[in-house]
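Have a look at these structures, which come just after this line.
Next, two complexes with chain A in common: one pairs it with chain B, the other with chain C.
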Partner chain A sequence: MPSLTLLGQAIVSGLLAGGIYALLALGLSLSWGLLRLVNLAHFALALLGAYLTYQIGTALQVPPWLAGLAIIPAFFLVGMALHAVFAYFRVTEFTSLLVTFGIAVILESVIQWFWTADYRRYETPWATASLRVGPLFVPILEMLACLTAAALAIATWAWLRFTYVGKALRASAEDPAIAAAFGVHHRRQAFLLSGVSAAYAAIAGAFIALIATLAPAQIWAWLGVVFAVVIIGGLANPIGALLAGLLIGVSESVTMAIVTPAWAPLVSFSVLIVILIVRPGRA
Partner chain B sequence: MSAPPRRVALGLTIAALGLAALPVVGLPAFYESFLYIVFSWIALATSWSILSGYAGYFSFGHGAFFGAGMYTTATLTTAFGTSFLASLPVAGALAAVLGAAIGAVVFRVKRLRGELFGLLTLAVGFVLATIVLNTRIDGGPGVYLSSVPLPRLVASPTGTLYLLGLALAVATIAAAYAIGRARLGLGLYAIHDDEDVAEGKGVPTFAYKLVAFALSAGIAGVAGGIHAMYVSYVTVGETFSITVPLYVVLMSVLGGARHWLGPAVGATIIAASLYVFTGGQQAVLGRAVVALVLILVILLLPEGIVPALLARRRRRTPVSVEMAAAVPAPAAPAAPLACTDVWRAFGGIQALRGVSLEVAPGEIVGLVGPNGSGKTTLINVISGYYRADRGRITLGGATLTTRPAHAIAGLGVARTYQIPRPFAHFSALDDVAAAATFGAARLSPAAARAEARGWLEFTGLGRRAHALPHELNLHERKFLELARALAGRPRVLLLDEVLSGLNPTEVAGAIRLIQQIRARGVAVLFVEHLMRAVLELSDRVVVLNEGEVIAAGGPREVMRAERVVEVYLGRAHVA
Partner chain C sequence: MLARLGVLARLGGCARLTIIWLLVLALVTPAAAAPSGPPIRIGGTLALTGPLAPTALLHKIAGEIYVEELNRGNGLLGRPVEWVLLDDQSKPDVTRSLYEKLITVDKVDLLIGPYATGGILAAMGVAQRYNKVFVHHSFGMPHLAKYEMHFPTAAFGIEPNVTLPTTVYNALAATSNPPKTVAIVTSKFPSAQFQSSGARDVAEKRGLKVVLYLEYEFGNRDWGALAARIKDAKPDFLWVGSLGLDSNQLLEAMKKLDYTPPRHFHLFPAPGPLAVAPEGKLALSSSVFEEHPPFTSNPGAAKFIPLFRDRATRANVPYPFLDTQVAGSFAAWQVLEAAVTATKSLDDKVLGQWLRANRVDTLIGKLRFDGPNNYGDDLFKVKQVHDGKWVVVWPKEFAAPGARLLPP
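Moving on, here comes the complex of A and B:
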């Protein structure tokens, strides 16, 4: 049995890793739950955002938050453009999975073409900075990512719950025909949501650039875990996605600490399978 | 639905023999390897489509079964000294057991359809990879098969693998074709379009999905076993990568997952185009091109290449109108339907409170009551779609309440749906034939098609036999519902508002049909709001209100009873 400090440290790093999962899961959960589109390209967009942050930071020496000011609005437009394609061809829930897989592969090729398959690391002075709370270390960047995830989740929840656009989106997801009969202009709101979802990918990408080592194949690395988070959290449920991300993050990192790191991937899927079988109505 | 068996068998045999002759004639090893890869993908994509294409349960776990097969052969041949060929059936069997075990858990949960099923099966691959990596099966460094002897079917080792791959690909295509025409395939297609209706028409959905999953996984396992020998160095990273599960989906969807030949066509196209772009930057470009083609095909031909090509030459064979509209008798001796003290609640709402009623053979009982009184719930409980919380329903000596819906249909209970629910990809003829195949009639698929024509004539749909549901109007869909209920040759017919929305002439026609059916000794329970039909048809009427029987008896007396008038029209009208 590991010491209490080790366990505490595992929980802290789990919470922080969970923040990144939640950040990636947010946009995915929104488009799946409210637009009925399963967007595999979300991961590729996030990684593209990471590479852009890295490129602007290393080649132009522009700090990541300034880069974000350009990347995030640009991705918002990319998200809208993607939705124009989906809407034009009336892509269904299932074909969206295949089409966005194709988009993800194309983006992976683009990334590999420009940045090669070599690992890239964005070295910043903050990478090693951390707070010390009692015996525990809290790395600043990871904490920032986690707080951003929490803030975005709460803001998104409030947006869906209290604004007209949020209510209209939820009504359309429930029954598009009836919502339209009540005057909901679903197409316009769908564009907005798709843009927001892509902008979230850009935000996640900025943190990925700062925290992780980049390689084109990373697109597929998060796929399983993040989908588990989305399903456990409940579709179109931002707070659920946040909590599920933290839950998975903590259970993975505790497993790493008390069993061995190699068994960690099993955790998220075991949690997912158990939840799906015990509470199949979850998603 | 597909080409005649003799032509397919002939075509497959000629293709197989021709391709098998190539290594004997002397094909460069390079081409043998390339074609082996194509065959391997054909076997994988086609086997995937048996469950996922036919029944619409898209699995992303095919890589797990392929990987299970690879590691079975790798482990057996290296650690246990089993011969390569002997390891292949074991690899297939193990993968099949794995598939069946997953299915046995997952298929019990109704909600796990669609993307949830897909993601859950995706998780299986990751779980298996972690287990293999962390145990002695692999342990990390990978398994070398270079010292395992390869049997010499022909002179060269690549030729031998080529032949094994070819045999598996041909066998898989033949299996997919045979299943597509058999009872199993018909059931899987029905599950794809509407699983609840399929179960209600007598398709044992759970068992069929399980069999299809096991078969599909088993073939992938054998393909994995062969592939272990081909790569001769098996690692977790390569084996359980996302490539296999995603590529089989893409290949099948590209070619047409519901057609037996579709996945093979898709596999050939994608495997060949991946091969064109190999090495360095070109491979990167190639992947992008393949992905782009995939996107375009899915957007422009959502049903896949093969069905799109076939649709161009779909012939509409004229239907013979000479068939006399004779009504076959029920498949089993007539028996009374009896409900005794049936209860059913949904959360806090008590939908049925101790309903008891009986319908004798040849009797027509009208079930009436205001909206929400529990009429449709009762039909759903009798047909097994819902389980009764308490009480007993029997048909003759058989208890229905303990049986699954498909078994109840098999005993001779048929129903119609208030809002018609035809199978979306079935022509009217195929739809009625499916009901005749799986209902109490249990005809062979061929005999069922012949009889289905009779039922279509009987309900006046003879000329619409080849129409798809979206081409039928409401009246035709209603009569299609009736035809498919009758095609099972039921002993008990449950009609849920078959007359609503029909015009007076159509109603008169339907009333005549129901009387003819009753004349053959069928017990008819029908829910109806149309009082004219209720009075004209019913021998007895049962009135439900808030889940309780409040009156029963001859139609005219019951409809005049004070309690009934009060329920329908309110207190003030009770005279």
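Moving on, here comes the complex of A and C:
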């Protein structure tokens, strides 16, 4: 029987891992839910953001928060540029899967060409730093990632709920024709949202660089679980994405602590299946 | 000719002697001519992309160096060598298809194996179907290698699930404070899981208490819970059946819980990242070659060490030292070259017969292929990280000068 300390530590680890899942899921959830674009390139952008954070940090000795001041706006523009391509070619929900998959493969090759397939690790003094709370340890970087995910989720929810732009986006997603009749300029909002999604990918990438080791093939490591988080949380539901990420993270972690690590993926996808059976309208 | 002899006769004694010696030397010294004729094509795949790519990159560099050095000399059988290398994307099913293509479409003359157990097993089946000699360098499950013309340079011996853990436990038992409890955490990658379950069995037979045995999925992302379970178990010794950066990530996750296992062994780590990581201090692993005596006296060491260092540095490899993975790769090429040179043949059956009957002196030692499943002796030793570099510490006769297994 696992000790209470082990169980507590597993829950803490799970919450923090769930924060990373939520960070990755936010941008994907927004573009899928509001633009009807399943953007697989989101994962590649996150990894590119991670590599850029690593490169600027190691080559120029610039701290990640400062590097973010350059990377995040740049990715915002990249997101808008990508959307320009999608709009020009009138990419639909289904074809977006294929197009963005191709973009992801290209980005993976670019990353591998520039940084090689070898592992990269952004060494920082905070890599192994933890806060001690009784018998439990809370790794600082993961905690920051989780808090950032929560802050972004709440801010995005508030933006979508209380601002004109947010309401316009939701209206366009629900019924573009009627929204246009009410003066909602869907195209302009779509560019803005694509930029925001890509900026979120950059933020997720910065934390991935600090917490994980980088290799080009990692793009695909997060795909399954983040898709599960997006679907469980509900499309275009930032708070849902946050809670789903935390749920998946804790369920995986507790399974690893109590049963066996090999069962962790089984648990997260079982949760997804149950939710889809109970509430089939999620996607 | 007679006219030239007449000229010689008219020259002074010294000059005549000099010219005669030069003529004799020219006759007896083989001309260092570049290899010529149609190239001998050696086909193979590597994981140029995918999760195994970081280690496969080392094998790619090793192969390129070897082929270039062959062509700088007399090639093979006087002919240049061409390495037809394809990307198997770390996937055994792709590996199988590509070896089929190499043989039937590209019509290569010889084969050389891919990286890692899964791909090698897939390719071995294809080699068997076409009766091709199959030399490979990183197969971790000898009992599955049933093909009579496969030749491994991953010198584990026939039972690595017994011999490797035995070597490791012997090394630990020789210290002043041998461990009494063991925790084993392993990837489910086939060779890692196979050898790690052997580590559990050997530990129990030796009277060590196995306080934890866990398996995790290849490609695991979440190390926090694993680290918590290891810390909770409080083992004297941790065996990690790791591949690539699993070791680094697990050690880091444990450090975040303010825990470092007293002793830790890592099965197939990415050697460079583990050696240079702060948490990798005094980590143990297995090795057939490191850049120190007595290994540096092995055939090819003096040539390949600086070549690899230079090429790996230019390829931005963070740890550009010639170690086990790379040495195994060079050894595979040495085995192929030795067989072709000795038999003066490209006939797979002839090469196979020669290899089974002869030993080959390689970078990793003398290899023989006359044991069960063509395996010979277990040549693996135990190495440890000392000051950011791997050095062999056990058995003592192979230890780096002045090095020993340091206690925690």
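Here is the rule we use: the second predicted complex is superposed on the first by the 283 of 283 C-alpha atoms of A that agree within 3 Å, B and C clash if a C-alpha of one lies under 4 Å from a C-alpha of the other, contacts with A are read in each partner's own complex, and residues count from 1 in each chain.
Everything below uses one rule, namely that a contact is a pair of C-beta atoms (placed from the backbone, for glycine too) under 8 Å apart; a residue touches a chain by one contact, two chains touch by 3 or more.
Being a predicted model, the structure only gives us computed values, none of them experimental.
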{"item": "Overlay on chain A: chain C relative to chain B, clash or fit", "value": "clash"}
{"item": "First (chain B), second (chain C), both or neither touched by A:Q9", "value": "second"}
{"item": "Partner chain(s) touched by A:W126 [first = chain B, second = chain C, both, neither]", "value": "neither"}
{"item": "Contacts of A:F182 with chain B and chain C, given as first, second, both or neither", "value": "neither"}
{"item": "Partner chain in contact with A:E93 - chain B first, chain C second, else both or neither", "value": "first"}
{"item": "Touched partner set for A:L223, first chain B, second chain C, both or neither", "value": "first"}
{"item": "Which of chain B and chain C A:Q112 touches, first, second, both or neither", "value": "both"}
{"item": "First (chain B), second (chain C), both or neither touched by A:T260", "value": "both"}
{"item": "Where chain B runs into chain C (options 6-14, 24-32 or 78-86)", "value": "24-32"}
{"item": "Interface residues of chain A shared between complexes with chain B and chain C", "value": "108-109, 112, 260, 262, 265"}
{"item": "Chain B-facing residues of chain A, complex", "value": "32, 38, 85, 89, 91, 93-95, 97-99, 101-103, 105-106, 108-110, 112-113, 220, 223-224, 227-228, 231, 260, 262-263, 265-266, 269-270, 272-273, 276-277, 280-281, 283"}
{"item": "Touching residues (chain side chain C, partner chain A) in the complex", "value": "48-51, 53-54, 56-57, 90, 188, 214-217, 219-222, 224-229, 232, 244-245, 248-249, 252, 255-258, 270, 273, 277-279, 315-318"}
{"item": "Parts of chain A lying in touch with chain C, wherever the complex brings them together", "value": "2-3, 5-6, 9-10, 12-14, 16-17, 108-109, 112, 115-119, 121, 127-130, 132, 137, 139, 142, 212-213, 215-217, 221-222, 225, 249, 252-254, 256-257, 260-262, 264-265"}
{"item": "Of chain B, residues touching chain A in the complex", "value": "58, 105, 109-112, 114-116, 118-120, 122-123, 126-127, 129-131, 133-134, 242, 246, 249-250, 253, 281, 284-285, 287-288, 290-292, 294-295, 298-299, 302"}
